[in-house]
Structures are given as structure tokens and as C-alpha cells.
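Here is the structure we will look at, set down as C-alpha cells.
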């Protein structure tokens, strides 16, 4: 059965390693923070200027001056720090953040990502996404395999304006975990109960299928 | 009579204007802080990371963590701030400092300055001088008219390695105040009792002498 | 060096049609709301506004957009504003969208006398069109130029009479860089204290960058996404 | 994320011959004196040291120079050190002198993923030799590249277990930029506290930039120019 958003977040959380600083994008990526594997410690960076982002505040304890990049009210953990936007992107551009998780509208088999603009329709801006994808060594995309019209978003070539080129390393969808290597998608894992055939049929980009494709363990 | 160092500092202090942020170099320039004209307020920046530099500390109150760019112990005035070296030179390079006063080994008639190196003999480094002279809109040089061998240091062309090109606006020596304009030195004032002839004889660079050269009033 | 002005009227004197303004804030967090409200009252037109976001309908820079005072926005994300989208898609409003980190760094560069720098952000995208590309460390980078403004308007938590500023939590965001990049920088603060009351170690923006400071009359500090958990 | 190591021995593990080190401080102010003393003990050789100054005879980096562990110095001012001058003039020591502001900005750039930037400092001087020149705002600027190091060693006043740092007064200087530019950054602090004890608003160097932190055993904090006035 295809994963829901929480399932995708749980699978991505398995990629976290002890001691990592992590930037989580808006949407599904934000949920990853709820499923940190036991026994490891990670620290969340939000590009609007906080390291050590904590849980949402209790009702009545919201502080308008303390938000994340999604403009949601948050709290700060012990040991947190605040800084300006230039310093925040110094962390990102300078590769001090070990993992970036973000959403996408399209990903291509050479690792290109499009997630900021639909010409003539949606022009909200790229926010910090272009800085993040251009700099991060380790980028995982959380996304749905297909759009609402049923068309694959896992493509040989992106059709939408790009956010970054050749930068995505891994994609986790409701159906599969794909690694991007040598200009191809490599099927690493499939969602519990999802067949390789379904993944093939919903993937437009070139897909490499190993002999054995294990099911995710969530 | 030629001025002493204090005299030079006093004359330069007359150039201060209310509300200016000022960077004073090591040596004679440092003395300028002692002669701020009455009724004006200026703030001193030291490039090692303080704005609002105060007087030297009372004996026994020195703090090893609080020094100026000459490595002297200092104090901080009310309203002072501390910052890192990148921010400090952001102030300087970004032209937030209205006046820079520094010493020189040579100045030329097009505003070049040499003050950091005597090849094969003295190689101490430029410190912040190159950043200061390259960026400041308003640079006054405090120096002696001649070197110990009696040779003019007010030249048609510098002979020592340059610190900056075409940047010096004004020179105050023990003999005169010179403005640099249109590739020439213009004699603006002479030290009390010093003759125009003496200044001419000790100036190697091209010197423009107006009909009337007033004496400095200190 | 006393930088205090009486009120927002006095603080904004000199802002005229066709000028370029920088405005601090991220979303509605840390925006100079008193100054924005007064810009609407002043009615200055054809402004170029450099601000990470464009406010929301009815608050923040959204107010300036509704009154059609903005000719051009230079921002990284403008997604919370229907009137903005309408003006942009209809061509009434010029929009220059810039990666957020590049925007922050370009403001910093403008204040720091760095006219241009290389960054990897935006390479291979439409942001890189017409920009010089150079390879460093095996990776393509694009050349981005500094941004400055006629006036920078920032919002701080505490400020002193010398213009020293301290920001609170994530309300710091773009304010410190923008404060350095205005030919004239105006700071509106929640709390205005005497020189000497702020610890010189804790100051985020040294007073040298601030020309005018005033205590804002009223801070609504609207929250865009109130997100809470239950006790 | 606990970054605490037991002592200077543990902190400096991995520093080897031929490496490039950044060392914070201005003159003798804010230098990592415990680490420098231990580098002498370790006897690592052929180091390239990036530091604004080179210490004095008998203290600070002067100790590393005396024991001939330094192959190359990258500094802005080295005038307080006779042994340095001797080694430099005799050709034993390579020296790269850089304008102080360019040095600070190159370290910041190294930590911030900015591979190069333009600055007016040094144009028309020997510093500009071989460097690209470009006109901005009618003024020539030269292209300077980022600096990074195998290890950056900084000294802070207070630090917490997460590696967050606060510097005191002008002992801040080059420490914050260098902290960002080391592949591994080591902080020696006067006071080491638990996470949560430092106000997150007041932190100068966020812990993300620091890999190892330890409480220095002893801080002599020598004064270079004791200058006082009488009461």
C-alpha cells in the first residue's frame, strides 16, 4: 500500500545520522522532525535564523518573534541560537548543514529539481530553496510520485523552471525510495505491498531495477 | 616654528565634524582623540572591533581583552559596541566611517600613499591600512615633511611600495596643511612662523601656492 | 551621538517617490510595521521595495501594494499575498525574485563595500540568466552584485540613543544586513534605552549603521501561521 | 549535540604535519594560547598558519616560529616579532601578507561558501599583482578568493556543550570568521557551561561551526602594550 505523508516522513527520518544538522523544508519534510530514530541526536536549522528548533509551542505560549521558515510559531531547544539571514545562509552555502529535505514538483534522473514556479500560474518565489539545493551535499526530496492528473513527476527531464541542477541524491515518494546515480533513478526500496511493476508504470524517467527490491521497514 | 606631534594632532582635530565616525591610525593620529573641538561629538572606531573607544584605563584597570588596533589597553565609552573583524571592515569598506587619519612614509601629488614596507628592511605588513585607504572618502595623512636624512616625503611620485593609489585628500605635517587636488599639492596653511619658502624647499612634489597662505590657528 | 527622532513622521522625512527602500523582516516577523503604516499615509509612489517577502493581504507590505505605491518588488518569496499575485500577473508590478541567501548576502555586500561575489545558488536556473558563470572547486558559481537602498527601514527589539540595536529571536532575519545597506537607515524599536544600558558584547547592529531611531507607537506583531500543540 | 572534549590533547587530535591552520586573535588578544602551547608540544611541522598576527617573541604564535614548526604565515601584520622578521628575511619562512579586511572577509567567505569576491583594498599595490581587476561604481576592485583551513582554532570567553560561543570585548576579532572556515573547528574557552545557560540571542558563533570545545587549563592573557592613565 502506498505510504501517506507520515509514512514518507518516517522513511526519510531513517536517513538521519547522529550529530547531523538538518534543514527541513515546508510540508512533508517538516514532519520528519517527529520521527527521529532513537539513540541519535540531530539539530534542526531553519533558514530564517534559528539552530535548535524545537516543537510547536503550547497554546497561549506562541511568540510572534519566534517562527520557522514556514512562518509557523515554534519553540527553541536548550542550546539553540539565533542569527541573521546572512549567517543562516553562510551555514547552508558553506556546507555546515549535513542534510536538506525538501519537497519538489518534479525531479529528473540527473538530479535536477523544480519546485518553485509554474509559469503564468504560480509564482511564489524560490525562498531559500535555490541556495539549499545549490550547496547541500546531501539532498533528499520528499514528494508524490505523480501529480493530480496521474502524470509522473519522476522524469527524464524536468519541464518546469529549475530550482537546481544535478543536486538531488535521493527521492522518497509514497511508492519508493529512489537513488539518483549516473544519470538514472535506482530503485532502492518499495513501499510495503507496492509492486515493482506499479513503480515502473508511474516512473517516466529511466529506472534501474536491481534483482531484489526490499520493502521499506517503517 | 615647526609643529611637534601634538601640534599636528591638534591641527587635524580641527577637521573633525559633529556626528562623524573616525578611525585613527597608530602614532600621531591616535593623539587626535585628545583634542576634539568643543561642542562636537565624534565616535572612534578601532578596526580590531570596537566602536566608541574611550580613554586609556586607569592603572590597575587594564583588561587584556579590550585593546585598540595598536594593541594598547583602552576603555569603552557608554554606548560602545564590540564586533568581529569582518563587521569592522564592513564598516570601513562600506564607507560608514567618515574620516580616516593615518601616518605615512611617503605621499605623492596624485594622492598615492606608501606606509607599510621598506623592501629588504622593514616588512611588518599592511594591517588594515590598505582597506582603510582604498575605501575611505576622506583620508588625512599625519606625517613629517622630511625623513631623518632630510629628504622630502611629499613627492611627485612615491618610491616605496604603495599602500593605496589616488586616495589621500589632505596632508598635515609639522610645516603645513596640504590639499591634494588635480594631481598637485595645494598649500592651504603653514605652521605658525614657518615661511612659504621653507615649505617649498622641503617639498619635492609639485606645489601650488596661493597668494595668501594663512598661518594655522591652534 | 544621539540618533533619536521623535516619531515615525520625523523618522521617515526625506522618503520620496521613485526611491529604493529596504525593509527588514521575514514574513510578518520583525517587520517595521509603524513605518510601513506611515509610508501608506505619506502616499509616496513608484517605490522599489527590497524585502524578503511582500507581506499579506491587509498587513505589512501588503498595505503598500494595495495602495499601489510599489513599482517593483525585490524579494525571495511572495506567496502569501493575493493582491501581489494579481498585480504581478497583470504586469502592474515588476518583480525580481532572488534566492533568499543571495538576497541576504547581496544586502550584506552592499553595506560592506563588496560590489560583487560568486555564489552557487541559482546556477542552471533562470536566476542565472545573463550572469557570469565561473567554476570554483569544480562547481559552477554565478556572479551576484551588491544591493543598496536610499533608505533602509528595520525593526529591532531594543535600541539605544546611539542607534545600537538588539533583535529578538528570529525577528532578527534580514534586519541587520539591511541596516548596513541604506544610505539612511531608520530603526523602529520596541524599547528605546539610554546609551550604556545595552551590553556592548550583545549588540547585533552597531550604531554606526543607524542614522535615525525611534520607539514605535504600537506593535501588533501579527502571527502568520499560529501553530500550537496541546498541553 | 555534545562537542565537549576532555582537554587540549584530545582537542588537537588529528593535526598533522603540512596542514593549514587558522588561529584566532588580534595581537595577543583572544588567541587560543592553550592550543598553541600544545602544538609546540606535539611538534607538528611545516604548518601553514593563517592568523592576523604572528605573536611576539616568546608568546603566542611566536612559540611556534621559534620551534620552526611554521612553513608559511598568512597574516596582515607581523611587526612585533624579531624571530619572525629574521626567518622571513632569511627566506626560511614563506609569508603572505594580506590586507586585514581582506583577510577577515576571505575567512568569512571560506566559511560561507562564497568562493570569491571583489574588494577595493590593495588595488594598485603589490597585493593586486596577478589578480583580476574590475571596475564597480567607477572604482577599481580586485578579486580575492576564500580561505579555508584543515583546522581552525579559536578562543572564546564562554562556550556551552553544544559549541555555542560568546567572545568578550575586542577578543572577538578574527575568531568568529575563522570558526566558520575550518574543516574541523576547535574552541578553547575560559568558561564552559551547559547547553541552555547562554542566551540564544547573545551567541556570537552558533555551535554548528564548532566540532570540539574544551575549557582551557590556564589563560595568561598577556598584554602587548599596557597603556594606562593616572587616576
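Note that the chains take the letters A, B, C and D in the order they are written out, and that residue 1 is the start of every chain.
Here is the rule we go by: a contact is a pair of C-beta atoms (placed from the backbone, for glycine too) under 8 Å apart; a residue touches a chain by one contact, two chains touch by 3 or more.
Note that the structure is predicted; figures quoted are calculated from it, not measured.
Looking at the partners of chain A and chain C together, the chains they share are D.
When each chain is reduced to the average of its Cα atoms, B sits farthest from chain A. Of the two chain pairs examined here, B-C and B-D, it is B-D that is joined by more C-beta pairs in contact.
Here the spacing of chain A and chain D, counted between their Cα centres, is 36 Å. Taking the mean of the C-alpha atoms as each chain's centre, chain B and chain D sit 28 Å apart. Our note on geometry: chain A versus chain B, Cα centroid distance of 55 Å, whole angstroms. The set of chain D residues touching two or more other chains comprises 105, 108, 112-114, 119-120, 167-169, 200-201. Shared interface positions of chain B, i.e. residues touching 2 or more other chains, are given as 50, 76, 82-83, 86, 89, 92-93, 135.
Under the contact rule stated at the top, the pairs of chains that touch are A-C, A-D, B-C, B-D, C-D. Within the complex, the chain B residues that touch chain D are 46-50, 55-74, 76, 82-86, 88-89, 92-93, 112, 120, 123-131, 134-135, 161-166. The touching residues of chain C, counted against chain A in their complex, run 26-30, 52, 75-80, 85, 88-89, 95, 97, 99-105, 107-108, 119-127, 157, 167-177, 204, 221-231. Taken in their complex, chain C has these residues touching chain D: 105, 109, 112-120, 134, 136-137, 141, 145, 166-169, 200-202. Residues of chain B touching chain C in their complex: 19, 21, 41-43, 45, 50-52, 76, 78-83, 86-87, 89-97, 135. Residues 1, 108, 110-114, 160-162, 164, 180, 194-196, 200-201, 203, 206-209 of chain D touch chain A in their complex.
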